[in-house]
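Okay, here's the structure, questions in a sec.
Letters A, B and C name the chains as they come in the text, with residue numbers starting at 1 for each one.
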């Protein structure tokens, strides 16, 4: 029905009219019966998201199924809108003209008698338009559906309860032993060039014991030398402590006092300034 | 930990967070030695959901976790708390967003092919700034156009927990149907009928393929062939 | 208006507001012809307060109005939502700690002599606050500098029973072997001029992980701000 009802088009040369629009040439005839009052057109066209949207509108307005587009009729209506846009000097988007060309092409193909055998392979000329219209329509609908979903701060609101006793603790960084060793290795690599540092052969337990002894002794008060030793540590523990005391003496960190030969030895942290470096 | 106690901590956290909290994040609220199992947390969340029946708020799982939110039915009153109403997004923006949501990953050119009009840079920028979309790659064609996909933020904003929750996309009816209707509608077309009675198989294929793919949003990185080569002439 | 309905609107508004709401403000949520009396609102607030007994939150009147807030007893858990991810210590701090461990008792000046750069007061304070080092005495030289040693806590933290459990220097020189075994990438190439500031863990996170996080903008709140731009360069 679409082909028959389509205005005056009977010959291929007449339906080539819209091609002239694409090439920017002036229209030959202007349709007189506009569907929309011209002063409402600008607002009207603003509501469209492009030629597919306009086409969908035209189809829907006539209660037509997309699958059954009367191409000639829709083309004529579409061209009227396009012409109105021109009349109103609206910036005519290229997409509208491209669509006009596509419609015109479909119209012409449907009018042309098929005489060649191989045209059996040719699909319906409207198929591509129908596909695009359907494709567009489904996403147009999807856009509406998404917009209708409950939206944050429009329909639903995230609660923001107060926390009056908020107390934020900063967790201290994690450190692995490997990281410390790697750092130490870097130091060693650097100091290897300055060989005066002899850290090599010291037993760490001696160093640890040095720290502990320093912690135990007071600066202004002597403690008994023997109190530094704990006999339940065994022979090794005693040796370590003794070495630590010797090391501390060497570093001038401890002072050792014996009031009389074979008397009690006392220890205290060193206070008097002695130039030893 | 007793569920009653667990529930109170969970609801207190959700209420105060101001954003959705994942099960992992909820677990981290507890000391390691007192950390509840995920299924304990899920049970607590379920119970809270039931507790909130008949209240002005609800628990909702969205993409990045659970949140306590004010029910949509109270929006007319609650909206009055703020002077400004949230603006509506333009149809162009919503259509672009819908195409990215359902057809991701997708290039701007492919969106333009389907919408039939160009997509303004503003729209892409607005969607990116809202953190609803992001670039997930580039199509390996000249110009290497960006491939867009939606984010968790998009799902969170639209109250969805995954893309599967998107409204179902309308179906595309295939060419057989079209042709049947064409035949019925145009019984007297004479010679033209010749070409339509037998439908070439290759014309059906693209549509059938699309119909199969389209209703389910593509979440994989797989690239959907969008347009047939001859489409380009129309849109560019 | 029925009180049940009123209660739900009021609690919805209080939860969404994020600030206390006065009775006047609550009244304004309603159309003028449906505006509840102040005493109706007060009654609704009272009932809500009773409803929340046994919940993780409560209604509280503060100077500017009413608000829903997390009960104080749950604050310790809820506060963890805003806890920052532990950062990383600087290389300077690690070297200082290593030198104290291996060379104790040692003064800051001696550490500086070995490292060739000054040791900031921050490092010493940080190590002291973590109770990994302590002052065990003072060297008897001008200025009487503090002598630092490691603590029991240091040994405990690193699961050592005594300093002798630390690898020997010879073993440390073979650390490359240890590293390979631990599959621990050595972060120390050319790091001498590294700052002493605490380093955010995210700065060393693999790119893939960051990409994974990208769609969740909220997470960025957990990233510790970098205090020194040059720290970042180390991690590339």
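The rule we apply is simple: a residue touches a chain if its C-beta (ideal position, glycine included) is under 8 Å from a C-beta of that chain, and two chains touch if they have at least 3 such contacts.
No experiment lies behind these values; they were computed from the predicted model shown.
J.: Please indicate the chain closest to the centre of the assembly, with centres calculated from CA atoms only.
T.: Central chain is A.
J.: Specify the chain most distant from subunit B by Cα centroid.
T.: Here the answer is chain C, farthest from subunit B.
J.: Measuring from the mean C-alpha position of subunit A to the mean C-alpha position of subunit B, what distance in angstrom results?
T.: Computed from C-alpha means, the inter-chain centre distance equals 16 Å.
J.: Can you compute the centre-to-centre distance for subunit B and subunit C, using the mean CA position of each chain? Integer Å is fine.
T.: Taking the mean C-alpha position of each chain, the two centres sit 36 Å apart.
J.: So, what's the distance in Å between the C-alpha centres of subunit C and subunit A?
T.: The computed centroid separation for subunit A versus subunit C comes out at 24 Å.
J.: On subunit B, where are the residues touching two or more other chains?
T.: Residues 12, 15-16, 18-19, 57, 68, 70-71, 78 of subunit B touch two or more partner chains.
J.: Check each residue of subunit A and list the ones that touch at least two other chains.
T.: 157-163
J.: Which residues of subunit B touch subunit C once you look at their complex with the stated criterion?
T.: Checking each residue of subunit B against subunit C gives 4, 7-13, 15-19, 21, 25, 28-30, 54-57, 64, 68, 70-71, 74, 77-78, 80-81, 131, 134, 151-153.
J.: Enumerate the contact residues on subunit A facing subunit B in the complex.
T.: Where subunit A meets subunit B, its residues are 1-3, 49-53, 65, 67-68, 93, 95, 98-99, 102, 110, 113-115, 119-124, 126-128, 130-132, 134-147, 149-163.
J.: Would you mind writing out the residues of subunit B in touch with subunit A in their complex?
T.: Residues 12, 14-16, 18-19, 57, 60, 67-72, 75, 78-79, 86, 88-89, 91-92, 94-95, 97-99, 101-102, 114-118, 156-160, 166-167, 169-173, 175, 177-179, 181-182, 185-186, 189, 191-192, 194-196, 198-200, 203, 206-207, 210, 214, 231, 234-235 of subunit B touch subunit A in their complex.
J.: Which positions of subunit A touch subunit C when the two form their complex?
T.: Per the stated touch rule, the residues are 157-175, 177-188, 190-191, 197, 199-200, 203-205, 207-208, 210-212, 214-215, 217, 219, 251-253, 269-274, 276-277.
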